[in-house]
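Once you've had a glance at the structure underneath, I'll fire off some questions.
Chain IDs A, B, C, D and E follow the sequence of writing; residue 1 opens each chain.
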Amino acid sequence: MSTRLPTFEDVQIKEVKGAILDKRLLTGGVLFVALALYPGLTMNAYHTRLLAWIMCFAIAALGFNVVLGYTGLLSFGHAAFFGTGMYTVVIAMQSAGITDLIVLLVLATLMAGVVGAIIGALSVKTHEIYFALLTLALAQLLYVLAARDVGGLTRGTDGIALNRPDFLGIPIGDAPAHIYLMGFYYHVILVCLFATIIVLWIVLRSPFGLTLKMIRENEMRAEMSGVPILRYRLYSMILSAMIVGLGGALYAVVVGHITPEYLDWTMSGEIVFMTLLGGIGTFLGPVIGAGGFILLQEVALNFTTYWHFTMGLVLFVVVLTLREKGIWGGAKALVDRVNDRRDDS
Amino acid sequence: MSTKKTESTKQDTPTEPILRTEDVRKEFGNLVAVDGVSLEFYDDEIVGIIGPNGAGKTTYTNLISGALSLTGGRIVFDGDDISDLRKYKRVRRGLVRSFQIPQIYDELTVFENVQSSVISRNEKNNRLFTLTSRDTDSIDETERLLEMFNLETHADEHTEHLPHGVRKILDVAMSFALRPKLMVLDEPTSGVGSREKNAVMETITDAAIDRNIGLIFIEHDMELIRNYSDRIVALHEGRVLADDDPSTVMNSEEVNQFILEGGV
Amino acid sequence: MSQQPLLEVDDLNVTIDRATVLEDISLTVKPGETVALIGRNGAGKTTTFRSVMGQTSIQGGSIRVNGTDLTDRPSRERIRHGVGFAPEDRRLFTTLTVEDNLRMSTWGKGDVDESGFRDRLDRALEIYPEMERFLDRPAGQLSGGQQKMVTVARALTSEPDIVLLDEPFEGLAPSVREQFREGVERIKALGISIVVAESNVRHAGEIADRGYVIERGQIVTEIDRDEPIVDNEEIKRIFEGG
Amino acid sequence: MPIESLTVNAFNGLYFAALLFFASVGLTLVFGILNLLNMAHAAFYGLGAYVAVWTLNNMGDVTTSTVALLTVLVLVIPLVVFVLSAALDKTVFAPLYEIEHVYQLLATFGVILMIDDIIKFIWGASPITVDGATDPSRQLGTLDLLGVSVSAYRSFVIVIAIACAVGLYLMFVKTKLGKISQAMSEDYEMVQMLGINVNRVRVLIFSISVAIAALGGALFVPFATATPAVTLEYVLLSFAVIVIGGLGSLKGVIVAALVIGMVRSFGIAYFPALELAIVFGLMALVIIFKPEGLFGDEGVVE
Amino acid sequence: MNERNTRISRRHFLKGSAAVTTLGSLAGCALLQEDFGGEEIDGIPDEPFRIVQVLFESGPPAFYGEEAMNASDMLVDQINEDGGLIGEREIEVVDRLDEDAGPDSLISDVQAMAQEGEVDMLMGIISSAHSLAVAPAADDQQFPFLVTMPGTYQLFEENPDMEYVVRTAGTNAAGAVGAVRMVEQMDDIETVVTVDPDYAWGHDHQEMFEAGLEAVGVDVEIIESRYPELGETDYSAHVSAIADQEPDLLFSSLWGGDIATFVSQGVDGGLFEAVDESLLIGDTGAPLLNSLGDAMPENVWLGGRGGYQPNYRYDEDESHREFVDEYYERYDQLPGWGAYHEWMGFQALQEGVESAVSIIGDWPTGEQLMAAMNNIAFEAPHGQHTMYGPQAVAPAVFGRPTDDHDLPVDHPLLGEFEFIEATEVNPPQDVLTMDWVDELEPVTG
């Protein structure tokens, strides 16, 4: 049965339950509760929004890392999936009149998966730099279509404003912005982020995840173990696109106004930057990277008009010194070294 | 030790050959690398392939594994024509090759390396929500394989720091995990210290006999060739120079000519 | 031992990708000598040459040429100290003409102008007169044998004291091989030292004064001048598997 | 389609192709010979544009002679950038040669951001145009080309681009530097073993490549406006050029620049909405069906 | 949290630079207080009225950002010299946000300011697209936002219920419909080509222009509409395509550096010989006239919403003359579009505060202040600048380039001005722009 698609059949709830005893999961649980309570305790809308912003991109970066970190493919076209997620939400709301958040998120995730399948099918045969440039070109095509409003859906470079979606039939979209964000939407994003982390954690430790790592580590060997590598690369693109699309869909509501800029290659560059900053070799690196990138940009913007320079310098230095380790991996390595030294002495 | 398998001969087994190449050719531009090779291999024998550099040994194995496409002829495996079959599908049918330079996954542990092969062989790569660390079937089998190849002590190590010999064995263990019917080994002992060489070969042949796996191996070390093969095929300039039992081949005039020239 | 050795390799250790490729390799070449480095494929001959040329990362040992320690010097300094190299896989610049390929090493050594190069070219043509016919052709269009010639000639146009020839006869038809061997004899006649890496014992025996046998990255035996290389016991053991 | 508009569109396409050639030829050479994928290459195009507009606007007091202005554009500015980039090669870019392509791409993306902000720091963020008095494109007026009046200055730019292409070709086939470069594009290590100081050649090739980009920027600016957006626009376009032409091929750059130049010129004239889509579509098609590009597997000048 | 600390410390830093002013003003206030004789208002906060500006500090439109910053520095100084708003409360520009950072970042900053409550008002913004994203966000945060520059008519029509946003710039209807009015007066115009930047601004203009022409029933045909990309550097292909058509009229809403590049390349490509007349309505003026110099073609009309040209009613209008002279003295150049828009903004602010204070007898809250700026009118170079609700209605003014002027610059300025009443080029209050344009009546008389 060589055409079998990935299966979702054997979810092992027991196993997951067993794993809850894991110390890391406990830490995660505490962190989740702390983050969930944060807006309520501080009533700080700015921080809440910043966190929401970071979490959306953390989801996108996690999704992107499925391709870069786990399958070993540098895509420069992930803006296409992020943007698809965003546009699906706004177009579904305006053209199809769908206002329920859950439906919108599912739709956007699926649409991003479809775009991921198309771009993936065209590009998985190519390697390294050609893969990067091909995904760039294909995503840029999508950008041009949106910016030129081909098909009349996107309203060109002006973009489209977005209303706040409702939730399970409750017309919560009418609530004031503060309440909506701090009391509801922030928590939706938080749940999505943690759900993404848990799902990815399992998937990347499943046979499927192991297969992606096989392809990353040694494509020839993987093929010589009977793995149809092109198909699995395609699967990883689809999975990655869906998660990035979810991040985009969530972010669409946060930003409230969608323009083709989110489909442009500089957006892809930002997602790559975030992931790399945090570290592609680590599971949680992308989350740290998204936070680091956005905070860095905010701080740099506040301190200097030359914030591009700051970001460029950081990127340059991170690439040259940390490579795939990123901040998170670098910090881990540092902790290990300190521990080693302590053990030695 | 040199007589380990001489009793079993192909005359005793009137079965079909597991692999048959019929007038197989490969041309690169003007260069004919493999020039009409017709050979049969059985699943209960160990065949050594010798030949000087450029004789077409590696090209021939690449044709068998599907890494190169045929210019002419056809390949029949286990009764089916597999000439146009994709690489991974040949593997799934039980035709497996290993490489001169160990092809393993450096960032994974030894255990995961072997487990990945077990999972691939079971075609379970598409399971999304099973943790590999809880997949008892593949874990049990992996453990057995590690034991078989004396790799248990390295199980949790990342492979990048392993000694070369261990990497080599791991590579073979991963191929065995695929439960092949026939294995093609490209210099299974290259880069392995002379004392270990026999041990490596011993491990491989034991496992092959144990599991009824046919073996084809390319080797430069005449000692190993003589000790471990039931049959020797000598290739020269893309053609079969000799195909017979070891003593006949080693005593042949033509074969000796290129042995002195150091190629083998 | 009155003469100073031209090339001295001392206890050389090289590992590549975690595998030990060379282990305590030592060899000495005196002026005017032709020395064979005999071993099977993968024994470490090419790596030894690449190490002498400064293209491997050396874990231990030293390389001296004409008394100068070059172990940690950049690769490009070899040629100035009189080392020429003709690699096994030829590595000609296929888009350049044969003449430009030959010119490249004089540029690298940087000791002559265009007319100096002409003189050297003439000398190279004395060794391989056949090259005259294809001096203007791109090197990529030559036959394998012709390329081999250019490879050796390229090592010679820098007027080296010592040339390293890696499997010079490999893949040559018997008639070409004979031509080629004559060329090597002419090089010897010029007083240039030669180190030749060979997996073919007979060829090694034909041209070398003495030899080293290399196996699994180690020099297992040294064959001195008085002993015919083909008759050496170690050689027999390795190559005939006795 | 009347013949005049055909001529004008072809002329526009040729002019745009000339600019694309300047912006991307160095990118492909640096990749082909030195194996460096330098995303920041187009930033030097932008830099050349700003240096040029600044120089021209400050020359008014000294001279407004057309010859002097053109000399500055064609010789002085590339020379200055040449020296600057030699220094950059030994510092900022030196560590990049050692790393994988994908990391080169990312690190040099960082360099773009830095150069862009340096430009902003020096010249501000507003678009700058060349003053009328020192604008050679105004001074030169128009020429008659097949019955159509075209800009003499833009014709001059096209001629310089052709001269530059021919010059590069001759450099590769005739000069020592060119031959060594070709050899390096084939086998870096062997060139090293032949005693050639590859680092020195590297600096030269890098600096020449960057200087040509700066020359393009300098020639571009009298007829356009120097804005910070120029860099990013040309980053993408020059990547499209070298991918379509084939990474590392001089001939590829020339052909691909002409293709994109014409596509854009006729595209804007007849299918204005789809012009950019055509460029990226072409780029995607080439990678899918001929990943080595139109001339990518044939060496630098073949 | 960290983020908060960095923000606060940065504000302190900015305040440091303004510390001298603040100290001086405290002394000044004391004196003024005496002058006022402790009148009815006593709720005036001690600290200055704090404004954060949002403008392009980088990116192509930074030209306007720079003008706007210059003008606002000058105007704040002038206002503070007189004691501040209503002579009582000084203004301090505590921070400037770079619009080039994009709407994500701007919205986030608005949130932060609303949260911290240390800023009284957000002012400025250039891009129409940004205004559409940032204004509703500010309103959500109940954070006063005085929009000074963008012209998209959709701002209030898409967000009709905003209470914290006021715009002192006229909408782009003034330019587009103004152009229609110009065409009505022209003879011999039969064919038109339009060239507009490929985003809201351009598409809006083109649509209004086309619909307006249709509605007023002049017999012209738009034979082609082109939308070059924003920030295009090479228009030559567009130029030659247009020149091929030889239209009677060229209409364009390109602006800033784009219109300068377009016209310059158009001159080069013989465009202005191929067309009889051009209407360039992208709020042009200084950048174009300055960069083209003598090459500026003569058969063009430049202008659009508002009489924001330095020599328009320069002699007649004293306050305009003062504005231009002072600006020239300070910056050695003439004020442009960005500067004028900022001037209107500060006038509205002064007027609004005054009216609010006079009504409520106390310093107004943000909401009250913004409400007070609704439906007011104040002086502009083109006469009364009137607000319909939160939205200014501007007249249209067009002129032809001429060297015949007295101002101390060596490039052409505009002359032969045509003035079209605000009511002729704007919909009545509470009528949607496009509905009105579709029903546009011909100008009678």
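To be clear about the criterion, a residue touches a chain if its C-beta (ideal position, glycine included) is under 8 Å from a C-beta of that chain, and two chains touch if they have at least 3 such contacts.
Computed from a predicted structure; not experimentally measured.
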Checklist entry - Can you list every chain that touches subunit A and also touches subunit B? => result none
Checklist outcome for this item: Greatest Cα-centre separation from subunit D belongs to chain B
Item to check | Inter-chain centre distance, subunit D versus subunit E - centres from mean C-alpha coordinates, in Å | outcome: 38
Checklist entry - Roughly how many whole angstrom separate the Cα centroids of subunit A and subunit E? => result 39
Checklist entry - If you average the Cα atoms of subunit B and of subunit D to get two centres, how far apart are those centres in Å? => result 52
Next on the checklist: Need the CA-centroid distance for the pair subunit B / subunit E, whole Å please.
Outcome noted: 78
Next on the checklist: Quick check: what residues of subunit E touch more than one other chain, meaning two or more?
Outcome noted: 57-58
Checklist entry - Which residues belonging to subunit D are in contact with no fewer than two other chains? => result 120, 273, 276
Item to check | Residues of subunit C engaged with two or more neighbouring chains | outcome: none
Checklist outcome for this item: All chain pairs satisfying the touch rule are A-B, A-D, A-E, B-C, C-D, D-E
Item to check | Interface residues, subunit B side, partner subunit C - complex | outcome: 53-54, 160-164, 190-191, 193-194, 220-223, 225-226, 259-264
Item to check | Residues of subunit A that touch subunit D when the two form their complex | outcome: 74, 76, 122-123, 125-126, 128-130, 132-134, 136-138, 140-141, 144-145, 148, 150, 265-266, 269, 272-273, 276, 305-309, 311-317, 319-320, 323
Checklist outcome for this item: The answer for subunit C against subunit B in the complex is residues 18-20, 38, 40-42, 170-171, 198-203, 216, 239-241
Item to check | For the subunit B and subunit A complex, residues of the former touching the latter | outcome: 65, 86-89, 91-92, 96-97, 99, 103-108, 112, 115-117, 119-121, 123-135, 138, 174, 178
Checklist entry - Where on subunit E does subunit D make contact in their complex? => result 56-60, 62-63, 65-66, 100, 226-229, 231, 233-234, 236-238, 240-241, 243-244, 256-257, 260-261, 264-265, 268-270, 287, 291-295
